[in-house]
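To start, the structure under review is shown below, and the notes come after it.
Naming follows writing order (A, B and C), and every chain is counted from residue 1.
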Amino acid sequence: MRRRYFLLGAGASLAGCARDYRPRLNVMNWSAYIAPDSIPKFEAEAGVRVRYAIYESNEEMLARVGGGNSGWDVVFPSSFFIKPMIGEELLAPIDHSRLSHLDHLDAPFRHPSYDPGLQWSVPYMTGAAGIVFNRSLTPVPSRWSDLWNPALKGRITMLDDPTDVFGACLKRLGKSINTEREDELRAAQREAFQQKPLLRAYINAEVRDQVVSGDVLAAQMWNTTAQQAMDESPAIGYVYPAEGYCAYLDTMVILRESRRQELAYRFLDFMLRPSVAAANALTARTTTTNAAARRLFPPAFRDNPTLYPPPEVTARGEWELALSPATVLLRDRLWTEIKSA
Amino acid sequence: MLLLMIAPLGIVCAYSLLTRGPYGGVMRPWSIGAYGRLADPLYATILVRSFWISGVTTTLCLVLAFPLALFISRSGRRKNLYLSLVILPFWTSFLIRTYAWMFLLRDTGLINTVLQTLHVVRQPLPLLYNDGAVILGLVYAYLPFAVLPLYATIERMDVTLLEAAADLGARPWQTMLRVMLPLAAPGFIAAGVLVFIPCLGSYLTPDLLGGGKTVLIGNLIQNQFTTARDWPFGAAASLALMALVMVLLAVALRRRREALL
Amino acid sequence: MKRWLSVYAAAAFGFLYLPLLILSAFSFNRSKFTVWEGFSLHWYQAAFADTELSEATVNSLVIALTATVISTIIGTFCAYGLWKKNSRALLGSLYLTLVTPEIVTGISLLAFYQAIFRFLHARLGMHTVILAHVAFSIAYVVVVVMARLRTVDPRLEEAALDLGANEWQAFREVTLPAILPGVAAAALLAFTVSFDDYVITSLVAGVDSETLPMVIYAIARRGVNPVINSLSAMIFFGFGALILISQRLEHRGSA
């Protein structure tokens, strides 16, 4: 019994400290997507406190803010999630007059197809899924087909996500990653079945350490995770596959439920400020959509082919779009079959 | 409190009878389509696999936990200390424990490094990302769930009965088999339930240690509520699973001719 | 027999502690990776500097302790009630909460909260997490306490009643002492499931109720980070010290 009281006492005394009563902005972002000192800097500038939480998937974020009374103010959905979120009336329209740094954005991102005129969202970072590999491989991988190489059995991984796996299979077949055709999806599934015996695992960013340590020789991976692995070991390389690849864009939005719109705008504008945007991309090893920020980069980072590939490479990229419910249903069914095979 | 336990169940029932919304979530019309989709051999194989993995895990947990519970219950004043020590590793996060195992099992992990240094094996053994790793992870995760109820029953056991058996000439293993195990039956049942059921619904361990290459029923349901955003089907699948487990429990109870609890 | 049991127990504790001891050892590693490069306390400094971590630790402790106290009390009385008078409805609903996959419990609790909060104008927070934890840990408490109760002879209590005790006295003076070790085991289990829960908590947590598992999950998903090694070593040794101290106190109290 004594133990219980002891613990209670310890808990109560801990609970006594560490509370803070400044006004607070609640921000939820993808993991590893910001410079560590950006939030403290904003807190100091605005005299507020920021609750900064992270999520790992759009769905997780939507489940948490979907009720419309979650308490969050700013979140970072992917571009293809904007339309559903407008549909569910979760977003507040963006008032451009309150954002002084909006014109620093790269030209292509000022009028994107998913949100023409940026009425609801502000672009943040972009990314893409390609192949990260160990330079000891000869020849080094250059296309998706190299991930079907039997010589690498047990040393390959793919992302644990239907969009990315189907994307790679479809690209290998020369199809669009956003296809709605059942026969193409089924053909892609056959490719995945063929590949599965060669795979070590379906795994996301956590594979990074196994790539660095050499346990995994080639992996389907996001460019930002690959860049982190390359920073850690010179033996690691990255390639945008010749058949084409899947690209995505993440945005910043203000939730309709937010009671602190003023503060939320201030935060968005802060994140758009070139020095802040540059610091975020530089430390998180990501691709910013902010042209002015890019000019502030050290040359080695600005010209780095993993995060800032030349135009002939980006031409191969295909933006991820929202699929029809029927296609999502079919794709998930096919995905379950692949995984349980 | 009962409301808090029952109301969500009602919500799940309602979800399972609705239609998937265009962006996930649920909407009308009401329909039983989600249940229809359950009648599919694909899901039967997933179910059988899940029962197999959970069954092996539960058996291993019970076998491993019983001697430990026995040891603790015989430790006099140290009882509480040992009991706390069983629990202690589980106050560090589940995820940390799983990562610790991944760290041990990897090709360049501790076990393989030691084996290779000692020249026991030349190539690293593929320890991670298979069913063995999943079962190991599950046993590790649920072992205290088996130790605690077993301890709670054994601790209470009348030692004079065991002494009587010994006085009557029973060997230690005979005492164990004929007297102690039957007396510990309620503990075994409680432990079995506490391990088997959460095992069936688990999804993080199979994902992390199995390398996402197998789908268990927990993964299937989890996936419906996340990436697939098909809540009605996820709700229907979980209700079907719950019903199945309840029926199995009821049958197991009837055979024993006593209340489970 | 006894010696084999001790050997086995040592092996079993080895199995339980091996992964964590190795993690703890590597928390003193200077390198970020799994190659030993020398002793350093760098990752401990990093863990202490992280206000998010310390806040989450406090939240987790408050939530787990509150939920444990509430669910142990309710659960013990549920078990006691079931022992005296078998109720299929209560038993069934308890089992249902055990059988429900965590993600389903989480989603449905979230939907439930969102539905009633629309009228109450309340928000998710610590209280919703605590309520959720109580809801899912009661069943664990009942199962463990019940296993213990089944070894108690009901006639003892009847005897107490015959001797003039009222029902409350009979429970307090006769049955409760007999089941106390079971209740303690149940409380430990409840604390464990609450302190360690991620799936349900992450869904019902509000903006100010991040728990330790949520923060750890977030850190771990970004790949290896020795900060979580040092953190787990601290939890591990911190609680270990607490257990030893309380053990000392208990022995001194009883001696």
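Side notes on the structure shown:
The definition used in the following text is that a contact is a pair of C-beta atoms (placed from the backbone, for glycine too) under 8 Å apart; a residue touches a chain by one contact, two chains touch by 3 or more.
Fair warning: this is a prediction, and the values are worked out from it, not measured in the lab.
Two chain pairs, A-B and B-C, are weighed by contacting C-beta pairs, with B-C ahead. Ranking every chain by how far its Cα centroid lies from the centroid of chain C, the top place goes to A. Annotation: 33 Å between the Cα-based centres of chain A and chain B. One simple way to say how far apart two chains are is to compare their mean CA positions; for chain B and chain C this gives 16 Å. The residues of chain B that reach two or more other chains are 108, 225, listed in rising order.
Listed for chain A are residues 60, 63, 206, 213, each touching two or more other chains.
Looking at chain C, one finds that residues 34, 107, 220, 243, 247, 250 touch two or more other chains. On the side of chain C, the complex with chain A involves touching residues 32-34, 51-52, 54-55, 57-58, 61-62, 65, 69, 107, 110, 113-114, 117-118, 123-124, 187, 202-203, 206-208, 210, 214, 218, 220-224, 242-243, 245-247, 249-250, 253.
By the touch rule above, chain B contacts chain A in their complex via residues 20, 22-25, 42, 45-46, 49, 106-108, 126, 129, 207-208, 210-215, 219-220, 223, 225-230. Within the complex formed with chain C, the chain A residues making contact are 2-4, 6-8, 10-11, 14-15, 18, 26, 31-32, 51-54, 56, 60, 63-64, 67-72, 204-206, 208-209, 212-213, 225, 228, 232.
The touching residues of chain B, counted against chain C in their complex, run 1-2, 4-9, 11-12, 15, 64, 67-68, 70-72, 74, 77, 80-97, 99-101, 103-104, 108-110, 140, 143-145, 148-149, 151-153, 155-157, 172, 186-187, 189-190, 193-194, 197-198, 200-201, 203-204, 217-218, 221-222, 225, 231, 234-235, 238, 241-242, 245-246, 249, 259, 261. Every residue of chain C that touches chain B in the complex is listed here, in rising order: 1-2, 5-6, 8-9, 12-13, 15-20, 22-23, 34, 74, 79, 82, 86, 90-105, 107-109, 111-112, 115, 131-132, 134-135, 138, 140, 142-148, 150-152, 178, 181-182, 184-186, 188-189, 191-192, 195-196, 198-199, 212-213, 216-217, 220, 228-229, 231-232, 235-236, 239-240, 243-244, 247, 250-251.
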